[in-house]
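Below are two complexes that have subunit A in common, paired first with subunit B and then with subunit C.
Right, the complex of A and B next:
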């Protein structure tokens, strides 16, 4: 029997782990300030969730890529479900317990593990019970199927936000209509009103965040590249947990300035840069430190992640906040590979980034639970081969360590580095 | 430095192979069973090859190790990945080859070799035993015949029995079911079906990296002429098999040793 005290302890443990890590010396002193800031931010996100649970504030659980800026503008406490699952796996090593609970619910290993894990976590009552469940097909097909189960497990009402595949005026208008309905639903459920001025303020800041991430990406083009391998995970997390929030601006500015200093001083993320890698899709979250170590050993650095951090377009308009929230869903880099057809434009952008970032090789992390993304592997590989960029495909899972042993992953990476060295 | 001998050591899960090069010629080679103690069996394999070459196990050797547990070998000068060594070995033995299929005891690998004999791409099948030598060995035991007899029988099959290519355990149950059918499926058809299962699985790896002539089949399983014949049927052209297909990765490791000797010590 899991008590409310246990639940509190799970989230408290994440907060404690963040604080502990932020106090430790980061591997690169040049990034000390942004590293510390990052863990403070993560701790503050979960501390707010803990406090909301204690005070009985309205909590909305939402799946990945959901426009949580809307929740912030309404004064609703967000709980990003997938990030919470992999944070538990990353910091607490709890994945076996929650994945096993997910299996008890009949969720097989071929289903996205963050979703298996979060269903398991809710089933075990390891996470605070949300007041509402919000889910979407934005921009991942797995999430579209996950929400109803999560709603049932939490015995709470929910809302499904339908995001169309293509980008056109009609489809943006349709999505705006969907977001309006969601706001009505949330106002009714929470008794809180949308603060439109705040939403406009957040939209303006989201636009600034996109530009800051573009600046960071520009700095990553430098040889040697200043950004460490696991940096991408931090950019993702900041965007997922703090869209349009001032603390995210502070983090991104701090990081940009630190990277600019490194570039100015000719300092790279690894001592002797040998291989510039394009990372496609996301490496196993639970192996972040392990992979960082291998990359350092071999002088490798991930310089670009076209499916996750490569923002091409900004231009969000604070005077049209809802249209801008809808538009952002078509700008996010994940929409290139995870949702709907893989367009020629996306392949062109991948090839162009291989050239711009002087990529030596690409690693495609074939997360078995993300079948719609894995379906693009051959297409991406053939396209990159045309511009003489070899690509390694590593079968893996984001959270579940039983899918591929880490030593096997190490061997595959080492072989690939040898291949690059031979060229 | 000039007299240093280049040695390649390939530690497989079933056998350990060693090749000694003298200039551009293979001076000696050995194949010994891999024991529980990797270091001891590797040492035994090196000693056997050195004995054949009439050389001493001394400081005048440059040893490159590859394969399972290569990193744990205390007496090697460097370690290289199996794919890199296979590419070098294939290019050394059969320079026209652009695609090589290595079927070892526990894994199958397809490599693409460029015109300089360097590895340019590869794909590995390592999640199930169904495309490997161990699987065929188990099937031979089940069929109560030697691997050589299996190979011979496959040539006489009029058709291939349908056997799954995705799981070694299921394949075994299917073989048992074919044997006990009334009337039983002829042995040669079961064997041809088994070989086809292995080949079709590896063909997908070949297609993944791109099929380019010439193609070679290497590794212990390449000794099975019946299986190689099915590869030829699937490709629609003949494939090359080196004289001793088991030692290709060891040859490649020896070639890399030779290059390292020529390059001299790192400054």
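Right, the complex of A and C next:
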């Protein structure tokens, strides 16, 4: 029989791991405060989840890019599904167990591994049982199709948020209507009321976050660039887990100030910067430390991630919070390459960022479970080749280490750096 | 005459459909249209309303990939290996000039494979007109309203491109024509409910394939002739088991022949190339614009696995299983066809509850059925036979 103690196990381990990693890996002196804050925040996210389970607070599991500002404004405890899976992979190395449980459920390997793993983790009852499941079609068929099985596995109700494909006024209006329906659903299920003032506050703060991320990106244009390779994934995690939250503002401000100091003092993320890399899509989560070492070794630094961190627009309006939450889903950098028509503008922005950030080469992480991003590999490569930026494609999986051995990945990256050196 | 499943029946009208399919993708009927100076538009998914294109005086044809499993070097290079082989096959055929007669391509935001096929087609294949329709994933009134506006916009773009106005009268005529096709196909499927149907699953697929590649006016004529011939024929197929095929897009009769060659008979299906294509008519109403009736039909049609909630689709599959007295279901899912892959555990569970076993096959688009498929189908049939005893 599965006990509540069993359900706590993985989350407790993540909390413990955050503290351990924070203690065991002394942060680089220039980024000491932001790195400590990062692990503190990550631990607090999962600690809150554990406490919610103990106290019987209302928990909503939700897929990536879901407007969790709404949950925070309602006092509902969020559980970001994909981040939870890759955090388990990164900190606990539990991929094999949860992926194999996913396979037992009948989920084939072609399905995105964070979703298979998550279903497996729920099947094993390794995660807190959510009170509701929330999912959307941002950003792919996997997110759109993952919710119903998770509802059945957790025996909980759910809501599917239908985010339309294009950005017309009709479509934004439709999304606003969807979010309203979701709020009604959540109010009914949780007995909690939406706090509109709070939502406005979070929207205002989210707008501030976008501007802070833009400032951070500006600082990354410096030569040498101050932002380490791992920083990119931390930035994503904070954005995914704490949208519009004060603790994220603190983190982003701290990071910005530290980076500004580094730029002022001419300090780079690597001792001798040789290669400025554009990162396309996300490298394997479980290999971040490994990749950081290779980058350090070769004097390489990821200076821009146009499909993930490059926010172009801000302008969220706290006086129209619902419209702003809807609008944000069209502003996220990920919608540039993952959901929505692949526009010339997106390609132009990639090219422009290659120039602005003085990129020497690009690395496209071809996550095997992410069909819609991989479909753009050739197009992006051809586009970058036109401005003489070579691109390396690395096959990988976000959480499953069996797809491509890390030594093979190392070899590919090393050959690419050699090629860049020859140029 | 009771005939074995392996035999080819002597249905003469089938030859007409086979002739159309034999020249795919540049069928004689499409080329004749072009010779007359008319436009041909390719559509990518069953959520694109053909009636609008037809009412504009153009020929809507379905874009499909190679009719057989082929090496997809170009498809792999342009769409990467982890996109479904249907998308890669279509794109490769397009890159090789197979669809160079097209004046336009229209897609829906239906699944990742289809939308990326459309995106990459746009950049690398020189088709003059491109349009993508946002297709909601729900059936709510708001979803219907959004989809309706999308279809209105599509009509306007088509009118602008062709320099014409699509009159309501033309739309009504097109709806009637397409509804006639649907009614005729329904009659064909009704015959398959018989204990000994007069036509096989593979033969039915040949008919359906032709329907995507020729004007409906001619298709309806051929299909009426076939139904007439069937009514006079004494064909009666007896089988070891009555099967339903479900899952990803599939247009290769050879695959069904492979299954039927084991002694089964495919009596119905849930495929976007057959039942999900024709099953629901457009119901015109005086109380709403014609476009609204069309858009309502397309969003409410027998759903693809992309739609939420999935039980809408599952319930229709269960109803088909009962109506066609199905002994077992064969799920054929193309690798990386994620919407269907996610549904598989849920569908298996629901079928199990009504006592219908499911055989799950991972396939590639265009496959005609490997030795492994044959072996697994054979074992499945043995299990079904044992269950009957």
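As a convention for this text, the second predicted complex is superposed on the first by the 417 of 423 C-alpha atoms of A that agree within 3 Å, B and C clash if a C-alpha of one lies under 4 Å from a C-alpha of the other, contacts with A are read in each partner's own complex, and residues count from 1 in each chain.
Here is the rule we go by: contacts are C-beta pairs under 8 Å (C-beta built on N, C-alpha and C of every residue); 3 or more make two chains touch, one makes a residue touch a chain.
Every value quoted in this text rests on a predicted model; they were computed, and no experiment measured them.
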| item | value |
| --- | --- |
| Subunit B versus subunit C as contact partner of A:160, first or second or both or neither | second |
| Subunit B versus subunit C as contact partner of A:170, first or second or both or neither | second |
| Touched partner set for A:197, first subunit B, second subunit C, both or neither | neither |
| Which of subunit B and subunit C A:415 touches, first, second, both or neither | first |
| First, second, both or neither for A:423, with subunit B first and subunit C second | first |
| First (subunit B), second (subunit C), both or neither touched by A:378 | both |
| Which superposed partner A:390 touches (first subunit B, second subunit C, both, neither) | first |
| Which partner, subunit B or subunit C, touches more subunit A residues | C |
| Touching both subunit B and subunit C, residues of subunit A | 378 |
| Complex interface listing, subunit B residues touching subunit A | 80-84, 87, 118-122, 124, 126-127, 208 |
| Interface residues, subunit A side, partner subunit C - complex | 105-108, 110-112, 137, 140-142, 144-149, 152, 160, 162, 164-166, 168, 170-171, 174, 177-178, 341-342, 366, 368-372, 374-379 |
| Interfacial residue positions of subunit C with respect to subunit A in the complex | 77-84, 87, 109, 111-113, 115-116, 119-120, 122-123, 132, 134-138, 142-143, 145-146, 149-150, 305-306, 308-310, 333, 335-339, 341-346, 348, 360, 362 |
| Subunit A - residues contacting subunit B, complex | 378, 385, 390, 395, 408, 411-412, 414-415, 418-419, 422-423 |
